[in-house]
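Shared chain: subunit A. Partners: subunit B in the first complex, subunit C in the second.
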Partner chain A sequence: MAPKSSSSFTFTKPSSQSASGSSNTVSTTASSSISALLSAYTNQTTPRLKFIDAFLVFLVSSGVLQFVYCVLVTNFPFNAFLAGFSSTVGQFVLTASLRQQVNPENKVEFKEVSHERAFADFVLGSIVLHFFVYNFLG
Partner chain B sequence: MSTAYPLPTNISPTTVANTASLLRIVAFGLISGAAIASRLFAVINFESIIHEFDPWFNYRATRVLAAKGFYEFWNWFDPTAWYPLGRVVGGTVYPGLMATSGVIYNFLHYFNLPVDIRNICVLLAPGFSALTAWATYMFTAEMKDPSAGLLAAAFIGIVPGYISRSVAGSYDNEAIAIFLLMFTFYLWIKALKLGSALFGTLAAVFYFYMVAAWGGYAFITNMIPVHALVLLLMGRFSGRLYVAYCSWTSEHMGALGVFGLLQIVAFASLVRSHVSSKQFQNLLAISVVTMGVLGAGAFVVMTYKGWIAPWTGRFYSLWDTGYAKKYIPIIASVSEHQPTAWPSFFMDLQLLIFLFPAGVIMCFRELRDEHVFVIIYAVVASYFAGVMVRLMLTLTPVVCVSAAVALSTLLDTYVEAREPDVPEGRTEANGSSAPDGKKTKKAGGAVGSQASTTAVAAASSAISDFVSATRSSASSPRQKGIWGADTRLVILLNAIGMLVFFVFHCTWVTSNAYSSPSVVLASTNPDGSQHIIDDYREAYYWLRMNTPQDAVVMSWWDYGYQIAGMADRVTLVDNNTWNNTHIATVGKAMSSPEEVAYPILRKHDVDYVLVIFGGLLGYSGDDINKFLWMVRIAQGVWPDEIQEPNYFTPQGEYRVDDRASEAMKTSLMYKMSYYRLSELYGGGNAVDRVRNQQIPKVGPTLDYLEEAFTTENWIVRIYKVRKEDTLGRDLKTANAFAQGKKKKRSKPVSRRRAIV
Partner chain C sequence: MKAVCFLLLLGAAVQAVKLSVDSVKYSIISAKGEPTTKSLSPTEKSSSEVVTIFQDQTLKLSFQVVDKVTGKGVQPEQAFLRFYDEQSGEEGIQPVRVTSSGKAKFDLSLAKPPASLPPTSSAPLKVTLLLGASSYAPAKLELFNLHIPASHPAPTHPEEAKFHILPELAHTFRPDPKLPARAVSALFAGLVLVVPWTILLGLWFSISPRVPRLFSPNILPFTASLGAFEFLLYRYWVDLKLGDVLTYGAMLGDLVIKNNYVAPTPVDKYTMNLEQERRVWGIERSDRDMNSTFRY
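Then we have the complex of A and B:
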């Protein structure tokens, strides 16, 4: 908890100084807050969660790519696009749910869900999801 | 610690727990038995038969499924319905019900239990009512405790509001849908409570089952997102909500608005957990509200511009109760789409309707996430139940749940044996009415927060504190609580008495009002014995045996499914009212004079016309009483040919006697209904016993149709459409010629010829 409070301190300090500031100070506020966010993230997050986050980023980029392809090139096998897109979105939220459940900070909320249970639920949810996605392929 | 009645002291806690769970199991078995048994009135009073209208189609489809397999069923095109259009059945049906019975049928046959598919269909609804009781038990146990759950299960098991759609033989989508509804809600609550993706996924799976089974799935589609949204707005976002909602949504991409919002909030809260600041919170709130307003605005604009049309006529009629009457007579004409009358709330729910608000208030006392759900459900379902009779069905479960919560809180309070402590010293000084304030708190804590005080006691505590403060220091606040066994007995006996009356009421309503198959009617003989009126099946069997297989039968759409199911003949319109113009065509033929109707009949290859006539017996659900709807629907398509006012007398009365209007007297429906009725009265004045009017002595004549068959009590009358005259005359002159030449020909001869 200690690094968390110190990082927030570094975040609020410049913003209070630049209350009457110009656009230049606003941008420095934003950049400093983003760098604070990044440093807090790299310092506090466990490797496991970072691994999950990497998968999440991959899913987002895959979804964006499919969407851009659909808009710019063609939506020809439209069912295939729907299936692919909903598969990425569905997998994203399932993975995000897993992240919520295994995040040590949320331990108070998920008393009855162990990490193994969370992963088993994740696998089951993914199987059901892809069952529906498969039926969408057409 | 004093008790109101002696409690045994030598029992171990495990024994108590084991006995309690055994008692729960036994009670639950009895509840299931009662739920199934009270739905069997229909089978015992009549026979094992499919009821009403829609179930006949479901039954017919299930037979196809059981006989030919699922793929055949899925690709089934039915050329005999909506002649000459046909109907793509596989794509226009909710297959959940048929698939369920098909699975049960194959399961039983796999174990060499040769159960008839009809009996499975008849008994499916009672069987699923036991499952509904179980789902309601689980749901209510999450709200309060298992004893409230048992009460709720008992209520839903026998409450007429649910029985009305699930008696044996009522083989309709609602039979399994209410179980799916309650079970999905239970899984959702469970997922939310535990933050478990497993229950969320299961909720999604059962939601899909529901989608396949009943059009009312839209209720779940909206309830769960609304619940999630309300929790968000209440500032109750949590990881559990995120997990539960996402694992439910990810399977079907529905409810995208709340879904996206939740993603944003989740991401924001993740960021906030790293960088916490007041500024950030404000930014978050502002961006969320802005995006919500923008999204809703865009949606409204798009709907307004007509780019998307998400709402159907039935939806509009939910908000504006007069909408359907004004614009879509086909929706308004269905009796179950009428607004609910007040007495039917009491008839369907009896004492539960009084306990219902109390239970909702109980939910406000604790207001955990799941209580918010019940409150939203109660508000939404109450509104919808007031708008449409059939939506009473969705209100019934929540009424049972909250009534059970209220009643079980009352019972908990009064069954509790422990009494508040009375300190001796104070008792001597001030009498028994003024014990110590500290002791009050202690006693309250000991007895338990929910059980010790009623809502009234809690509300009055502030007042009594105030009163005690104004008193002298010698007297302390009055002790709150219940002393003695007599007060307990008075309340408990009252409660038990109410429950007993409830059981009697439910049994009476079920046996008298909701167990009639409406295919078979019952009346009482003068000696009190039952007399079965079986005209429908008599007529349908006549059609089946005496007409060619491809004969086209025209009737009002109410009887389409029955004709297809029982008579196995081609119909023009049926209860799947998808084509308004086609129905209006039938309405026009029925409400036009013979000369106008005949070309319509011939163009549609109609061989027989079937009408329901209750005038002889006093059966009020007949076609003359539905006639105005035919006129209205026809008027919607041909406003310059059919006008509703023409069918009333100049005084604005709806009459069928000699004062009836000209349009009424010449209409095909009138002629077919009263044809030869006066002959039955020996040429005297015939009386229509439904409308209590005298029919003119000279009855209507028919030139283009001839009577083919009339059932024992004249409820069903079937007419054969004549072919064009072989000599090219129109049928009217041909008839006149034939009658002028052969006046002596007696009626029975012509009737026999018609049958051939």
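Then we have the complex of A and C:
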């Protein structure tokens, strides 16, 4: 039985106008997603977490700049680069752990870890990290 | 005074008891059979007598050791012939047997040279007679200068090259690393110091966190102890040794623990403040949401 010619199958030639429209749609979708993410972050994140996130951004920027200098200019002295870069990476790990433990939304996961305990762990880990960094700095 | 006189007499007596040699003769016998004999009068001074022998010749030396004063034959405990090359410094000592009457003989055949003969060159060997007896002063008498054919050079040991002086070690060090231009270093130093801190302080000012209890009597010692630890680590970088740092760190840690410079506030009060904070900032979740998987 021959298929009915119906509007269910519609073939249209692709045109240049529809291609630029789809790319605009993609970029619009991306920008709206990012703005939605930022809006949700701004509205739903506690100030304490934002405080910690600012410190994380600081660590990332410091590490990236040191790495760019090492790649573009020189890695001399290498031990100093390792000390500086590893200090940012290590501190980022400790701070991310602290953020994870003090996030109210993870209260079920870390119900045995009080915020004071989390901060004390963060402080102790930071002191040990700084000791090794100073040792390697030269 | 008497002791001094006695010592002087004793010295004079010792000086008087000397050995001498008598009837010193040497003969050179060749294969042809015509011996040439000559007498010597050896003294302690260097001798001008020159004796030359060739490969097929034999040197025969004979003498008698006598007491210089009495002329009687003496058998010394030690009698040696010393062959000495002044140029190369080579030396050979040949013991000589002396009879009870003081007579001695020595034969030197180049067909079968003694092991005591040192390696020879074109320079002559100074031949010296050395005598030693218990009751006499030692005697050293120059006999003659002996020319004998030069000896072959010593065979080279197969591993002789291993004992040559090796060339001095020359270390090659990596060239010093090139330092970047001061402007580039300064630029990046400024970027690393300024940019992250600018971002951090800008974000913190926009967040404006409230820390009402930062300078309270409970929290300030804790913060000061953290600062003390960081200052100790800075001093470790600049000046102190590891043992000092560990000692001071242990003392500081003990001080912190003993004075309880931890846990800023009681737990219940702190938890209640968290709940208040959540309500203030509009983060109100149902129990269902709170039990969901954790998120950052």
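The working rule: the second predicted complex is superposed on the first by the 116 of 138 C-alpha atoms of A that agree within 3 Å, B and C clash if a C-alpha of one lies under 4 Å from a C-alpha of the other, contacts with A are read in each partner's own complex, and residues count from 1 in each chain.
Here is the rule we use: contacts are C-beta pairs under 8 Å (C-beta built on N, C-alpha and C of every residue); 3 or more make two chains touch, one makes a residue touch a chain.
Being a predicted model, the structure only gives us computed values, none of them experimental.
K.L.:
Please indicate which partner A:65 is in contact with in the superposed arrangement: first for subunit B, second for subunit C, both, or neither.
P.N.:
Second partner only.
K.L.:
Could you say whether A:89 touches subunit B, subunit C, both of them, or neither, answering first, second, both or neither?
P.N.:
First partner only.
K.L.:
What is the contact status of A:44 with respect to subunit B (first) and subunit C (second): first, second, both, or neither?
P.N.:
A:44 contacts both subunit B and subunit C.
K.L.:
According to the stated criteria, A:103 is in contact with first (subunit B), second (subunit C), both, or neither; which is it?
P.N.:
Both subunit B and subunit C are touched by A:103.
K.L.:
After overlaying the two complexes on chain A, where does the subunit B footprint on subunit A coincide with the subunit C footprint?
P.N.:
Shared contact residues on subunit A (touching subunit B in one complex, subunit C in the other): 44, 100, 103, 105-106, 109-110, 120.
K.L.:
In the complex formed with subunit A, which residues of subunit C make contact?
P.N.:
Going by the criterion above, the answer is residues 177-180, 184-185, 188, 191-192, 195-197, 199-200, 203-204, 207-210, 226, 229-230, 233-234, 236-237, 245, 262-264, 267, 270, 274, 277-278, 281-283, 285, 289-292, 294-296.
K.L.:
Taking the complex as given, what residues does subunit A use to touch subunit B?
P.N.:
Those in contact with subunit B are residues 4, 7-8, 11-12, 15, 33, 36-37, 40-41, 44, 86, 89-91, 93-94, 96-98, 100-101, 103, 105-106, 109-110, 112-113, 117-118, 120-122, 124-125, 128-129, 132.
K.L.:
Write out the stretch or stretches of subunit B touching subunit A in their complex.
P.N.:
By the definition above, subunit B touches subunit A via 194-198, 200-201, 204-205, 208, 238-240, 242-243, 246-247, 249-253, 259, 263, 266, 271, 273-277, 279.
K.L.:
For the complex, which residues does subunit A have touching subunit C?
P.N.:
Residue positions touching the partner: 43-44, 46-48, 50-51, 53-55, 57-59, 61-62, 65-66, 69, 73-74, 76, 99-100, 103-110, 114-116, 120, 123, 127, 130-131, 134-135, 137.
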